[in-house]
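Working notes, beginning with the structure itself.
Should a chain be cited, it is by its letter among A, B and C, assigned in written order, with residues numbered from 1 in that chain.
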Amino acid sequence: MSPQLFSPGVQHTLELVGIFVFAISGALLAVRKNFDVFGMAVLAEVTALGGGLLRDVVIGAVPPVAFTDLGYFLTPLAATVLVFFLHPQVERIQTAVNVFDAAGLGLFCVGGTLKAYEYGLGLTASATLGMATAVGGGVLRDMLANEVPSLLRWDRDLYAVPAIVGSAMAAVFIKLDALTPATLGVAVMVAFVLRLLAMRFHWRAPRAWHRRSTVKEVATEDVLV
Amino acid sequence: MSPQLFSPGVQHTLELVGIFVFAISGALLAVRKNFDVFGMAVLAEVTALGGGLLRDVVIGAVPPVAFTDLGYFLTPLAATVLVFFLHPQVERIQTAVNVFDAAGLGLFCVGGTLKAYEYGLGLTASATLGMATAVGGGVLRDMLANEVPSLLRWDRDLYAVPAIVGSAMAAVFIKLDALTPATLGVAVMVAFVLRLLAMRFHWRAPRAWHRRSTVKEVATEDVLV
Amino acid sequence: MSPQLFSPGVQHTLELVGIFVFAISGALLAVRKNFDVFGMAVLAEVTALGGGLLRDVVIGAVPPVAFTDLGYFLTPLAATVLVFFLHPQVERIQTAVNVFDAAGLGLFCVGGTLKAYEYGLGLTASATLGMATAVGGGVLRDMLANEVPSLLRWDRDLYAVPAIVGSAMAAVFIKLDALTPATLGVAVMVAFVLRLLAMRFHWRAPRAWHRRSTVKEVATEDVLV
């Protein structure tokens, strides 16, 4: 279904690895929220497949690949079983999980951009949907768990920016008619490395100017309807 | 629009009853959350129609049946009016409401599975969507009300498992080419009775192993990005 | 894509103004929630385009106009930049922002109704989707920010009712075959003025009867599953 960056077998394997680690982040959050095993499976599936599902519904690629590729559906269940029995051990290798998660981020932002472009969207829209493919599952995970999405919080290391860079690079390569496995691999790697650097050096995005000085006035004001 | 389990008239009546009690659970939550009458109507509509809406968008059955069958749209409004004027009385017959809710659960998980299969999905995907049809509205209700979804909480009686069993049975009957009103009725009844038993005996799903021992480490850790 | 109320240029300009002020309400909420600049952009985009996105996915108008009209996508980013640098000043002109927001509400509820009808929905469904077009972005904004949607809270001035009235008037004009720029302009103005009056006189919708007397019983009861 999705465009070929590498040989079909290699790409499918990489995608399943990405889905697996996304699912682990969902299942781990479910454990922390004290959900039962079924809640773990739901959160794992949503985290792993939610971004692609959003993209497919938006571009009209229905039924979405999440419902047509059985491997996509079963992989999060495998992650759920692993976390169910071994979650303290999985927590302990958090760093390794994060590295794989960064790889998934790179892979999905580029793959999502290509698929949206294939379905006739413009370059800006394709890059936006590529980014949404990569980060959408995590946002849905946090919404289901009744948490403020990590993605939006200023006290988290940059997550969306590496995805935007990867998606934008893919769009530029499409524009330049330079779509080869090599250039796409570069886009994936750049997103991957940027995310690793963001985690290593705790890169964060700025908040609005003068925030501090307005805290009091904010506290007493109503939220806009 | 949706597959016939029973005679058309009987099935449509049953569906409207299911929609009505789902809507009541939405309107009651709105009362507890101190929403106004409009919030009650929104929560009633979303609870009653949200699961089918999700299914229809995913399988490409647009416009969704929620927007083409006027009875589907008006029934939750009737439930809203009832709860608006008589919610203490409705709270008092909670047990009766729960029994009808269980019937709706059985009906929608089987009906959802058949409709997804009709639209060309595989058996596993159809059963998953059947389950999502039955439980999706309740999840959207809780998300809108800014609550942790009941469905995911370990301290709630089993709700999804009866739906999974009903959906899976419907999928098996499709596979075996044994799709008759009788077999489908059995699948609906099994889901219905399982849910009643889960409420009666407070059946719950397990949480991850060793949870207790890791509470401290969880409390001090950041949520995965 | 969307039906012409006025001359194409005028209508497009009005829509961009509506999108701009919806986006400002999203970006301001992001500032209050302490999100970073990226979270501001996400909340601005979702608030401004979310309602139309929902409508387009439901009626099968994919890819949604939010992804095909670059102006729709860039306008919320401009609003984000403005709020990022000048949010105390923007807070101070809250009243002006609210007036434009009311104008956006009127415009989108009528435009959404017409578009849904064009895609073959019935009058009731079209009016419902028109209302959802106008208020859906704000609901998604609040859900993403992990807040109870303003729309549902009893202590907010009426917001949905003006949209319902505008949508219903548009549906009636369709029914009467009286669809002219003048009649549509009247529907937009009625919704706009109703919203202004609701803000001026703090009109609110009632909550369920006897709420007060049942507060104690509510506090000790479980939420319906």
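The rule is short, and it goes like this: a residue touches a chain if its C-beta (ideal position, glycine included) is under 8 Å from a C-beta of that chain, and two chains touch if they have at least 3 such contacts.
Everything numeric in this text was worked out from a predicted model, so none of it was measured.
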Chains as vertices, touching pairs as edges: which of line, ring, star, complete or other describes this one?
complete
Given a C-alpha superposition of chain A onto chain C, how large is the rotation in degrees, taken in steps of 5?
120
Can you check how far apart chain A and chain B are, centre to centre, with Cα atoms defining each centre and the answer in Å?
28
Touching at least 2 other chains, the residues of chain C are 57, 60, 143, 146-147, 151
Given the complex with chain C, which residues does chain A contribute to the contact?
57-60, 119-122, 124-125, 128-129, 139, 143, 146-149, 151-154, 160-161, 204-211, 213-214, 217-218, 221, 223-225
Show which residues of chain C lie in contact with chain A when the two form their complex.
25, 28-40, 42-43, 53, 57, 60, 62-64, 67-68, 70, 73, 83-88, 91, 94, 97-98, 101, 138, 143-147, 150-151, 156-157, 159
